[in-house]
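I have placed the structure first, in the form of structure tokens, so that the comments after it can refer back to it.
Note that the chains take the letters A, B, C and D in the order they are written out, and that residue 1 is the start of every chain.
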């Protein structure tokens, strides 16, 4: 990132067509996601919830992607770390809290699914599951419909680096490539699949290298730079809209948290390694950029932190106090015809 | 192919380290395979057998591959069109005939499986099935054992172009790439998957392009040129032996026959197209080369044709007259412990 | 009413639905230009264009997964698996995804897909072109499973499946394609999913079956009638959800029941039918619940005497029916 | 004899076999450096090296397929599926390949692999970390399937599975890992595949079950004994092939049978057990064959009241047992 840009020159984000308000909103979304995520970890440690899976460190990549898409218009198939992504496309922290508390009002699944398993028809966030990359063919299917119906809709599907080794990744990408479908595949490469490092998952230099085998471009981008991620995603989004087919984007990030609250990451990686990457945390980096551009100031920041703290607090209290589903709700919605 | 090489210069095959006897044997194997295949089609048409799947047009690719491997030493996971391949590594025409007649003595499956489903422990031909590319991870597993046990063994696995879109292709290649396993993957690209042409199967220019995503080399080669196929396969074989990992080879061929005896190929491709490729048939082309080198002569050829005709005839009669399995044999070999 | 073959009934159902509803489309290997390896989709590409009879790459998990994605945004895809043996690469998409989309989203998302798969043997297909895979999917709530035996049911169930709000696995028996003909109405109709059908009435024994073996049972019943044995033959038609009422009613009528299917015995649909009966009607039974099914071997071999040994037929069925009647 | 936990029994079995036979190795996601997400493979990499406790890429079909390839050339791979829910991408390798290798090659090739998969719920795993997938594989001849309930059985069956000449699916219940302890012999032993075990003797009712629910049945039986009801409890241990003799013998003893499993009811293993009984012993039954199983929903939700509603427990089991006894 160019830290030397000053307010008088054209800023990087202006060059990308982003307003000050938009980049401030990007920052706010990253921070909101981070605060939610930290609270989730805390709630799990204090026994308030059973499980949390974190996206800490990946917020820039997610927000950079999300801002290239159109809320409540394009279709989204995010993966379980995509909190910043779903916040950016319209989900609220209250909704996320209801999900991690597994409460009846959770719009994702009414407390049926694990946290991080997003879904909201209202927001065009397509219901997701745990087995990784099943959403890749789904995204191709949704994009196929956009093409068949000549609708100006682009589909987003994300997944991890390890997950790009699943058969469904291959089959879904290939299908989208053959039919030149309007879809953007995003691999959030955070260097690990639970304990297994990148080098034991794949032998290619970059996950983006795989795109050539599907006949579309693959782009590797610094996932700690939200503007650069925005830029390449915007390009991919435009390619898709122009009918030129899919793009595979690899956002290079690092999973700062353990895999989930059930994981002890220091059993397979060093504190030094983690600390090194904490030092490259995208949030302070983007903050610095925004200060340098004059978009962020101490007073704006103080207000923002207070606002976010309020949101987190309200959402936590709300979700904590919200009712669980009724036990017999277990039996609902197996089929559309409930008489079965 | 260089048709101008004369007997006094070093021939192409000599440059590759192949003797005259060896290339003659290559030719003989291609021809034997062709004659077997033609007889198979005839037997099906005359109602003697129910089904035949043909490898006509792919013999050069198969023999070129096979000669780079070591009979009864390396491991082989061929696919259903690989008649020339299995003949080259030791299967007899009689055995193939027993298989297409589904007779008890068939060493591949004792008449249980369709023709083209090879298997022979004696010959290190690993039992295969119909669902395509399941053999790719198997080959990786066998190569993993060679590596673990430090054995100088290379594994061959082949499959079609359409089949390279299966998840198992991806997962198997990736596994082999990560562990740098001694295996050669061969895609016999005959331009069709039943009725679906290459252009509707994949969007990449070459199946070999997929190798980069697995971190190993991909090579595209003219599958109508057995010597060129031999050359690249030999290199891949040597890479594998040196511990440098897998290679993906794409042999570009054409499926001259319909998909199988159940297929009417003129419903989806033209006679002109097929005729064009018949004109590029690898067998006459190799024959011409061998004549030019002085390896083949009219008398050698006449003797060879007579010999092969004899083999086909003997095998057909033998297999036709051989007994079927006993009906109750259906119940055998579900488990190792037959008492179950 | 017009008399047509089972395969034509399947083709007609698709043709009519593609005509009626622009959200219906067919996808699969060779379903377009070739019209399917069996010809089930013949003419559809010509009439409705390449996109609505879509030739896909050779990848079943993608075929199912793409169909699921399309269904979630309002389409009614019919995904063809070339042989039911080759749906296994798509198992994860079918069981983890299609079956659970409504439930996991608390009814926010739906997955109205049909997966058609030719199943069953008797065509010299060998191990991998003859299997009955229904037991793999039968234990998965969220899926519906149908398996028609006649042109009437084939067409009516396919129409119902396409219009259904949930994922339906549609198993069509390859051996029935051209060997079974029958009347179908000229006007629009459906056969409701979840309803069994009494294919023959009788008071001595009940035979509960589905698919090809329905015909063996009917043929055997005709012969047994000459011996004075009247069989009551129930065609399940839908395997999931089973028509419990129809099963119990048919057993009440005769007190003796034979369950018949081509799929291997252990863990088959017949086990559940039997369990339902002995849970609900134990004391109305006059004979042990009998099952006549495929042998417990991995799949049927191709060699003619072995295939014949494996397959059920009229005579084997008749023997089992007679034995039950005489119990 | 030493008292250890269920998970330690599994770990010990692998450790001893890796020691005893150089052809045994373990492969799967996170089984090496991390020692497995549950810790089942802890210490194996340290003791036997990276190759024999092999961290694989995240691809279940490859894990199964690579194991199958290795097994065909003489190895004894133990492939770990991180959760049984995630074996579904490997279904084709398991059912089309592992199960059929011996049969399709007429005994020329063998496939002695073990596929270990943690199954079952009660750990707030939600839809995709709680499933019981046994019904998917149960109808496939050529596979063996085991599901131990105690440390003794867990170790003995795993040793037997590794030494078996055929593919064995080994379902280990996650909820048993640390909550169940028991004695295991200090010397080498196996629990033979295909043999059920009477976990408690009684003359009033028979309970046939496997996995976690064995413990609910035992707990319930203790309480019911105070009411004068003596339950005979059979732990199937092996699901494929079922121990038919043991099933029938236990039913003969009491004439009343309750089949119990966590997997959903329709199409579950219990259906086959019931069908076997009513086929063979109908007239020795004094009550309808009862089944108490998971609800027929796609999978159990994570929300605590829903998970509790779904899961069986001592009280639910006791109620069903009492009802049967009083029939």
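As a convention for this text, a residue touches a chain if its C-beta (ideal position, glycine included) is under 8 Å from a C-beta of that chain, and two chains touch if they have at least 3 such contacts.
Since we're looking at a predicted model, the values are computed, not measured.
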Checklist outcome for this item: Farthest chain from chain D by C-alpha centroid distance is chain B
Next on the checklist: Can you identify which chains form the pair with the largest number of contacting C-beta pairs?
Outcome noted: C-D
Checklist entry - Which integer distance in Å separates the CA centroid of chain A from that of chain C? => result 42
Item to check | Separation of mean Cα positions, chain C and chain B [Å, integer] | outcome: 37
Checklist entry - How far is the middle of chain C from the middle of chain D, if each middle is the mean of its Cα atoms, in Å? => result 30
Checklist entry - Residue numbers in chain C touching 2 or more other chains? => result 56-57, 59, 61-62, 85, 88-89, 92, 96, 100, 103-104, 127-128, 141-142, 296-298
Item to check | Multi-chain contact sites of chain A, meaning residues that touch two or more partners | outcome: 109-110, 112-113, 117, 129, 131, 165-168, 170-171, 174, 178, 200-202, 334
Checklist entry - Of all residues in chain B, which touch chain D in the complex? => result 75, 107-110, 112-113, 117, 119-121, 126-127, 129, 131, 134, 136-145, 148, 167-168, 170-172, 174-175, 178, 332-337, 340
Item to check | List of chain D residues in touch with chain B within their complex | outcome: 25, 51, 56-57, 59, 61-62, 64-75, 77, 89, 92-93, 96-97, 100-110, 141-142, 144, 164-166, 194, 241
Checklist entry - Inside the complex, what are the residues of chain C that reach chain B? => result 29-30, 32-35, 37, 55-59, 61-62, 85-86, 88-89, 124-129, 295-298, 300-306, 308-310
Next on the checklist: Considering only the defined contacts, which chain A positions touch chain D in the complex?
Outcome noted: 50-51, 102-104, 109-114, 117, 129-132, 162-163, 165-168, 193-196, 200-202, 262-263, 267-268, 324-331, 334
Checklist entry - Which positions of chain A touch chain B when the two form their complex? => result 165-171, 174, 177-178, 180, 200-205, 209-210, 212-216, 245
